């Protein structure tokens, strides 16, 4: 192929093309580029709502959990978004930096998934089953209680206390969990029993 | 209390504005929309802001961005700057007021101002990568973005950031997806003290008036609204206690405008440049047509041959 | 003085017509790499320069790739041109006759070269193109680095970047203008392009346009080879 | 809180002291900004640091941590001196006129009856003169030099503005400005609200900090009114509920107390409770104590609790010490006296003082069980994490079982907020992996234990075998079932005591409220103060009606507020002696000639006549107490005591170190720095940041982004003195441990001048550990002293001594 000719032709075309588009650029034409949708589709469409309260501080802001799937229909529900509940008189839909990021708590990589046990002296946890874990806890509790239960004090007064095992409740569990916990713990005679309100 | 933003609906609703409401489109022209939507605005009352960063976390959650866990750099700003994954940032500045001798901790939520005359859009070379709706929202369309970073240079507020992952520019969208279904932006909904409120621009100006009156009553004689005319006004406005000194708030520009350099680049240079090139090409063409090519004549060849021969004699 | 205008392996080959070596293979490859880079840069740069030319980004597979490749081609151009600069800078030093030549540019444009003084390897117009290219490429690469967002945005302020953008745009317009002169001249002055393709010109071409250079070549010891044509 | 979050909108002056509401409770703080914006309310912040609350305040006054009582008594002194007292309120609604026994004294920082060896008081002199009629002697003219008012006047006289400046480091002009603004609220038409939290509780005199402010609020007439009150912001979402339900060593639900071993039977137990009125006509509501107690025992033990066995009184353990609080528990553990420990979502390793002691204590356990949604440090106390948890796993013989529990998003139930609202929530997501609800876990433990006792017998199995367990699925009780149990049920028909024909509840039905409780075993009720939360009208905690007539912020139809859906406690005090609102614009309830009514549920019998029955119905006096008799361990009035670790010697009582009645364990005293220590010259304090919630949110990537790394805050002056660069690294150490941190050098902390000495403050936030998404870091509990408040044993986290130096970088 004759390079010189082809180059010449190309250069001439380019020159003409340039002149032509310069006119275009000065306002004598318009380029139609493909339009792309600017606005994201609304991500809460077709999700299921559940009313909840923020588990962090005691302002107890109302939040709405948005999920794919409906627990109330017996489905698996995956929470996809959490935001403030505007109907709530205290927070009126607002949330603090913790509340706004609640989804990250629900889905934290460090959420526990299964019961684990760490044997004495071991340097890591091993998986166990609920069955084994509860059995082990109950067994050790009973053994310790039977061994250390104080039925009467030195003065012969019935005291029925157990102080070699302790229970520490938190302060983000529900009142219902709290009361059931109270029943289970106190019925054993445990006195070393406290909750986060202490600190 | 300013009416809070209602809970979102989970039923599918059609967006209230779309392509047909564009008033500007980068590197292209759009037909004027039939009628302009009511202008919206976000008002940030710095005097009510407690710097809690709820706006930042709500923004991350809503926009599904993934900023990295950084380090502490001896300041409260985290991340240290806006990033492609952090569209808004609380900036903190400690200022000792020389008039009162009191410390003031001036905390400003930084982010896109949604200028009426957007410098980013002006600078953008990619058709349709930046659009402006008639309600005032300036939005980036990532499918069209080429990642050149011209928007950063165009922006008087230094807002857009280019992603190192997909090489497109990111900034606050004013939650266009929420506004499109009648919601307010995620940050405004989250803001615990309603330091951020959202509504029509007129409402926001009115609301600001009330706030400024309150601030003046508390001794802030220079309290005022930041809605800079240099960029045609903004759709994100501030109430400042010291409106006479916006620079105190981590360098909020006092009289922002699109840089004259950018104006020159996108104005005169663009047109003059192409004209010069067009003319140059045209002159060449014309010269060729009139004068024709400059050819070597047979005489020239003979002269050359003669020269070569004579020289051989000389040197022989 | 004369040595500047004569590349060591340039030679005159007697014959009919006489042929004169003008560019070595290396110089030609170097030139065409530079030329290709410059053209690609102009095309990709224009795509980013003006919306109506954005369609040119299609030549590069779209805006994203245009944005990506443009600065890299710039780097290629810079080093490639640097090679040309090393080769040719001496031959482009300004000489007395260049002033006269320039003063009589009208005659040149009117194809009346007989009225201008004899010039060496390059005439004043070519020297202008050479030095303009040199200066503009330095300006373009340095301003280009400042606005190469992907790697260098952190090293300058936005204010500096804005200056760089404007400078880059103006310099780019200028260099395209220079290029138009260069390319047009090559077209207009017939016989020039083969010099950069085959490496040689005819004796008549040299006599007509660069007589002084031809004389120097002829008088240069070993300036003439046998009758073998240049390969 | 005596009031609610939404009530703060009604205030004229907010005093944030001992808290940092804007940072720790941003959405509640909204109502402060609303009051400011809509009512022109003012905000005062008193804090060692210029906090984010201070950033929106009208007045900020610095204070040295641990000196709040001096500041507050200084305010009381100012108000009394300048006659800025709501005199009618004080006379009618406080014990100002009550005459105190001869023998009560306060001298050299000590009240009468101090026993240095026991670090305790004989409190017998701290009481009223009792008249021949059996009632307390009262001088309504306040002339008697031994009446509470005059004793108080004398007690606070030493706290002059100069003394406040000397102790607290608060410049006198700032203090006086605060005092002027506070004093204005003595007007019946002005209300001030106090918002406080752990900045007041986490001191060796935390309870007295709060009392001091409560006393100020009483003399200003701000208790019971809209926009007033003592508002504990509180920490966790259900810290109020867990306390209400009594999950503490010495408590039964509803603030009933566990018997001690000096109370062998129910009668002995009741003899010190069920208080008789100290003045004629008073309600003295604790007279109903027996009804609450018996109903609780019926809820616990059902048919096993009978009149014959004192309603299973012996099933309850009897205390030999005031309580096995966490500090005592870990001290016992440290001595090897505790074998098993179960943590239900409480990160003990990070939360308790002197981490080294906590690690050593946990290492002595046989078994540690942790139930938590997240991977806590406590469950991994045996794991080596370099300097952040420098232990040798092989040397730790504790078996650890970690049980995954659900989080809020995965269970139904109620939480009680700081405004006492019980709010129901609904699950929205499926639990991850094998995570189980706490209710399931606790049921499983109980059933397994019961099975073992049934099969094997053992030590006193009766309470376990007879624990009332009335759930449809015994292995998995539902939240609704338990909520109904808490509310209470009629076991037999319950009728009105005044009108036996009127049936309050048929047998088997849910009780309408605690007024229907009986002490004969015919009712059961898990937690009397919650009664009414889930009755025959339905689950009142789940109510979502936002109706709020006249926008008072009461929201009576939203959820349920204990007690009896009351939103403002002591709201009878919002009206004057005749039952008319002190401030007509701020009416809560008023007497219409026959009964009390208004925007809230009256906190008094609806027909109790205004002149006769006092507004503080839980007190046998019927009035509030400026002088608290023998009810506090460390004195009937607050007095300034320095923290146990203090940069100066107590200026008002140089010979008293710390709170003289605070309990200090053997060995811990040796680990305190001396007062005005040269070795540990800087006053440190610990606190939360708004970006994080305790040790949870470091597991949340977004929050880790917001505040990624442990740091300490110091003044520019201290940084210059020590050569510490902004963004540099520092080592901070106390007598108990050492941490490495990034330095945040700020103008927001300024050195104070106290007792003529420059006191530098070191601020230490608390959110980091060695698990989660944030950078690994230290907790302030590496440094904090092992001592608690004299009354409730909350650890002294807010004031201790450290030293600081620049270092080149973190030790690996």
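When the chains are written out, they are named A, B, C and D in that same order, and each has its own residue count from 1.
Just so we're on the same page, a contact is a pair of C-beta atoms (placed from the backbone, for glycine too) under 8 Å apart; a residue touches a chain by one contact, two chains touch by 3 or more.
These are the chains along with the protein names UniProt gives them: B = Formate dehydrogenase subunit beta; C = Formate dehydrogenase subunit gamma.
The shown structure was predicted, so the numbers you read here are calculated from the model rather than taken from an experiment.
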Chain nearest the global centroid, as defined over all protein CA atoms shown: A
Pair of chains joined by more contacts [C-beta pairs], B-C or B-D: B-C
Mean-CA-position distance for subunit D and subunit B (Å): 49
Centre-to-centre distance between subunit D and subunit C (centres being mean Cα positions), rounded to whole Å: 84
Separation of subunit A from subunit C, taking each centre as the mean of its C-alpha atoms, in whole Å: 64
Centroid distance [mean C-alpha coordinates] between subunit C and subunit B, Å: 40
Set of subunit A residues in contact with two or more other chains: 15, 21, 25, 31, 33, 48-49, 66, 82, 87, 91-92, 94-101, 104
Touching two or more other chains - residue numbers and ranges from subunit D: 26-27, 30, 690-691, 701-703, 706, 773
Shared interface positions of subunit C, touching two or more other chains: 50-51, 54, 180, 184, 187
Contact set on subunit A toward subunit D in their complex: 48-62, 65-67, 69, 71, 76-79, 82, 87, 89-92, 94-102, 104-106, 108-125, 128, 130, 133-142, 144-146, 148-149, 151, 153, 155, 157-199
Touching residues (chain side subunit A, partner subunit B) in the complex: 15-16, 18-19, 21-23, 25-26, 30-49, 64, 66, 81-87, 91-101, 103-104
Subunit B residues touching subunit A - in the complex, by the definition given at the top: 1, 4-13, 15, 17-19, 27-29, 52-54, 56-58, 60-62, 127-128, 131, 139-144, 173, 176-178, 180-181, 186, 189-194, 270-271, 274-275, 277-278, 281-282, 284-285
Subunit C residues touching subunit B - in the complex, by the definition given at the top: 12, 14, 16-18, 20, 47-51, 54, 57, 62-64, 66-68, 109-111, 113, 147, 149-150, 153, 158-159, 161-163, 165-166, 169-170, 172-173, 176-177, 180-181, 184, 187-191, 202-208, 214-215, 218-219, 224
Touching residues (chain side subunit B, partner subunit D) in the complex: 1, 47-54, 56-57, 60-61, 66-76, 78-79, 86, 94, 96, 102-105, 107, 192-195, 210-211, 214, 217-218
